[in-house]
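Presented below are the structures under discussion, each in the form of structure tokens.
You will see chain A twice below: alongside chain B first, and alongside chain C after that.
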Partner chain A sequence: MTGEALLTVDGLVTKFDAADGVVHAINGVSFDIRPGETLGVVGESGSGKSVTMMSLLGLIPSSVGRIAAGTARYRATSGEVDLLKLSERQFGRIRGREIGMVFQDPISSLNPVMTVGRQIAESLQRHLGLGRRESRSRAIEMLARVGIADPSHRVDDYPHEFSGGMRQRVMIAIALAAGPRLMIADEPTTALDVTVQAQIMALVRELQAESELAVIWVSHDLGVVAGLADRVLVMYGGTIVESAGVDDLFENPQHPYTRGLLASIPGTGLAGSRLASIPGTPPSLQHELKLCPFADRCSHAIDRCARERPGLTPISADHSSACFWDIDASRQRDGVAVIAQREGM
Partner chain B sequence: MSSLTDSVAPAARSAVPNPLARIARNYYLRRVAQSIALMFGVIIIVFMLVRLTGDPASLMVAREADAEQIAEIREIYGFDKPVVEQLTTYLGDVVTGDLGRSFLYRDSTLELIVSRFPDTLILAATALAFALIIAVPLGVAGGSNPGRPIDKLARFVGVLGQVTPSFWLIMLLIVYVGVKWGLLPTNGVGTWKHLVLPAFALSVGAMGQFVRLTRSAVLEVRNEDFVRTARSKGLARRAVARRHITRNALLSLVSVVGVQFTYMLGGSIYIESIYARPGLGQLLDAAVRARDFPLVQAITIFIAGFTIIMNLVTDVLYGLLDPRIRHGG
Partner chain C sequence: MTAGEHADTAVVRVRDLRKHFRVSGGTVRAVDGVSFDILRGETLGLVGESGCGKSTTGRTLLGLTPATAGSVEFRGRDLTGLSRRQLRAMRPHMQMIFQDSAASFNPRHTIGSIIAEPMAIHLDLDRSAIHDRVAELMELVGLKREWRKRFPHEFSGGQRQRINIARALSLNPEFVVGDEPVSALDVSIQAQVVNLMSDLQDELGLTYLMIAHDLSMVRHISDRVAVMYLGKVVELAATETLFEDPQHPYTQALLSAVPLPNPKQERARQRILLEGDVPSPREAPSGCVFRTRCPLAEARCATEEPPYREVSPGRFVACHLVDGAGSNVVPVEITG
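Up next, the complex of A and B:
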């Protein structure tokens, strides 16, 4: 987990063109991930987790959205590329081959009229140039690797013949078939029940132990991320508000939003006590973000938060927060970067 | 030893299957059984309808026939017997391939139908081919490029095809392509040239429907999650379009193709009469005009039977193409 980053995202901005104006979905997201590392990305719906991942793989349809700024340097086997500037054709050698993706709903994410074996084989034929027979036996191997029993028979089955958890294993087999070094999993266990969720998480850990596979695991479930990630990004309003090692984040959260999230996990309070929640609603992303996105829901907000937008600033080694206020010391933090200001202030 | 028989017994019991239960489990057998039952239902209804309209004997004779002649007809055709007896006799005849004798042609109705049907079948099959060859590529191209000129063309063809009456179009084609420009024959059968105008006229309705259906199916499938998965595998745009989008989109076309094909048999009545093609449609037209009620009845049953078989073929085809139907109990 040491050494050079596999992927370095810097200042990603993604916008959508809606009927009633521009939606500023991603407002400057920067992070990196090293080989073999597991990066958890948490945040509520609409915080920009999925859009960030789709942006990195060029899966935002050009008819609805565009990447307005940023770089995403990926160390591919053939040399470094900027994912945000690739053509559709160039992406063909990245998707599946370098970066595999697993989606949330395994039944709708698999082609219903194609056997799982062929869906795995497609990737092998495309990226490794394997023939029909070779790719089929490799597909059987992949099914065995992701823990499907009797893979040589199951390879000819269709997605509807598998259970939810088995389908997600098939999705992982598809994503990893051509041997990518990064797997992006977008809420892969959200549609599964808890025991199956644990099995899938265990499987991913096993697969990571076999190779230097880096994993970006997107979830709105802090519990899942706590059990899996090395490092965690907390997203809010299309920005990263806090980034820290997993233990550090849970023991010493710095951003008021992260604290709110942790406080609202059921089971941490007394039995029968009211569930904690964060008052207010997520921010509208209709305007360019020039103030702290969390300011109007934050109990620690000061005047400055409504005028200036704090940048993600290091607090200690490998722990950053985007907040002007130091909650523990009850005073403004020094040296917080200001990355935007409202005009006329 | 006893433990062995104990363990074998339950398996042996389930291995002696109730044949009905086995038919119910197998999708194809179930559909065949349903079709046979339906065919009998159709024959009974056609048989009863004729009797509901009054004395069939009076339908079969000239208007000026006297009571004696009618009574004679009644006896010849067995109309004086109880209805249930007539029905069982008729069902027996149908099962053995006897659909009655034509009044007009003084010949076996089945032989008449069999001699005329190939022409109609070729016409309808050619029309279906025209419709598919034009509609599928146009629908796929339109659905893949929403809002572009090709999509506007697809939508235009879709609506135009569905609102154009084929009997009007065939007359227009005869007048312009046949008479004024002299490019193709104006009537009759013979060469492939005789097939072009009537088949095209017969195809436009289906063509319109196919274009619209293909287009909307492609539009829908494009946004499916599995298409995103296919793209995330790094497949080329073409491969995604062909293997994942088009294949799934065309599934919804299968059932409609079968239905349209049987509609075309009905549509051939006008086209064949206008273009003077001696097919089944023209035979039916002549039979109705001449009040040849055994022939009308035979053609009705024949077309109904053909429709049922087409539906069966469609369902079997569907089962082969969509594994979810094949396995879904």
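Up next, the complex of A and C:
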């Protein structure tokens, strides 16, 4: 986790065109990740965590949505690129080669009529130009590395011959085959049972210990993020509301939404007591975000929250919160307001 | 389990319940001999991983699918022997709340009529009485009575689950089975629904069977917890006893795998990592069903099925390696 950022995202804005108007899915998201670092991204459904990742991977179909603003500078092996400005053809050299991807449902990401060995080898042939024999032996190595027993036989099996946990291991093998320096994992263990999830989390820790692999791990489960991440982004309403080192975030949460979210996990309060809940429901995102997205559910909201949108403001080194209220001191903070979104690119 | 042990307080008594499904090439023993009582006013949590048979247990218990063998006694009557008509007469007393609230509603019915439907079927009430009762139920679950003319799509997931609860409670049931009632909801909304369900339990004296895979949630809501693995209950105990001192090697591994929302604890924690996945219930292992993944399995675990027995008062375990005093006789080897 040293040195220069591997990926620097600045002011990402993503919009979708729905039947009844524009959905403002991502409203100015900025963050970075360094080599070897694990960045946890948490939030509830509709908070924008998956759309952020799809935007970075060029996976927003132009028929339904568009990236309206922002940059995402990635230090690729061949030099720096802006992920938000690549053509589909250019992305072909980034996805798989520079950035590995793992999604929630391995069965829909794997090709059902191709052996897993060929799916791994395909990535090696395309990105590294390896021959058939060499890519096959590398595929076997990769399967062994992700903990598949008897890899020299399993390499010729089809995805349906693997269990859910094993398929997710295969996905990780494909994602990492060409040696990317960043892996984006979107809810990779959500569909798995808890004992299998523990296996996959242990595997990712092992793989990271062996290399400088940076991981962005998207999850709705704060426990999973607590166990894996070095740093955490909390998303709400298509914005980052808090960003902090993992210990700091869990011990000293600053944003009222983060506090509410942590308090509503069973087991964090007193046994037998009522769970803390956040009243109301998340914002609809049908309007441009001009005020705090959490204001109408927030017990600390002040007048300013309904007039201006708080920007992510540093509280201490490596801890920022997008809130005008200093929750510990019970007074207003000199938060920076987000004036307007930069449009056009 | 000693018969009659909870004779006075058990609302539901399940004995050696089995539900097998014939599939091409074999039999799936989804539920394979489970026994437990559900006591008046308590919440019994039923946990386990996918395919363990917990949902099938819930459905079989309510007679929504016929049992293959065994008995389910409710109010002293064995439900498994009842005709459809007799079962229907029992329905008002036992209700179920499902996970996917959106899928269980007719999208073209107003929520008022959705909540009223069970009353129209089962109760002999006139329209105005049903109308009043719907308004009362909506307020009970935290919905505004003015919303009765709205349609399901106008509500959020958490609100739809409130509608589901109102509907389930419309017939004044004594016993409610919740099958993953909050698992489709976001965590902040889950808390709202869980609090509502526990308030209603206190107010109306309900008895709950809560089926869930989220162990932290189960710990929060349950008085006692039963752990299932491949169609069997492997352990049952009072909630804190089970979580503080799990006895069955599967329970130990399961609890150690639950991620904790505390980074320092997570780093310091010792985990029991199980090998592989749960076997298919079509090819359940001989002897103890957990032996293929059990870090402690011995030779006899492959040949003899461990009896499900009360190892100390109120605590049931099915493992050869747990002695009569209720302690695990072999120390578990722990891997980081």
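Assume the second predicted complex is superposed on the first by the 334 of 345 C-alpha atoms of A that agree within 3 Å, B and C clash if a C-alpha of one lies under 4 Å from a C-alpha of the other, contacts with A are read in each partner's own complex, and residues count from 1 in each chain.
The rule we apply is simple: contacts are C-beta pairs under 8 Å (C-beta built on N, C-alpha and C of every residue); 3 or more make two chains touch, one makes a residue touch a chain.
This one's a predicted model, so the numbers in the text were calculated from it and none came from an experiment.
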| item | value |
| --- | --- |
| Partner chain(s) touched by A:101 [first = chain B, second = chain C, both, neither] | first |
| First, second, both or neither for A:131, with chain B first and chain C second | neither |
| Which superposed partner A:21 touches (first chain B, second chain C, both, neither) | neither |
| Touching partner for A:281 - first (chain B), second (chain C), both, neither | second |
| Touching partner for A:194 - first (chain B), second (chain C), both, neither | second |
| Contacts of A:261 with chain B and chain C, given as first, second, both or neither | second |
| First, second, both or neither for A:314, with chain B first and chain C second | neither |
| Touching partner for A:227 - first (chain B), second (chain C), both, neither | second |
| Chain A residues touched - chain C or chain B, whichever exceeds | C |
| Footprint overlap on chain A, comparing chain B with chain C | none |
| Contact footprint of chain B on chain A as seen in their complex | 57, 59, 88, 91-97, 100-101, 103, 105, 108-114, 119, 122-123, 126-127, 158, 160-161, 171, 174-175, 178 |
| Touching residues (chain side chain A, partner chain C) in the complex | 44-45, 163-166, 193-199, 201-202, 220-224, 226-227, 229, 246-247, 250, 260-262, 264-268, 271, 274-279, 281-282 |
| Touching residues (chain side chain C, partner chain A) in the complex | 49-50, 156, 158-159, 186-192, 194-195, 198, 213, 215-217, 219-221, 240, 253-254, 256-264, 266-267, 271, 273-274, 276-278 |
| Residues on chain B engaged by chain A in the complex (per definition of touch) | 224-226, 228-237, 239, 243-244, 247-248, 251, 321-324, 327-328 |
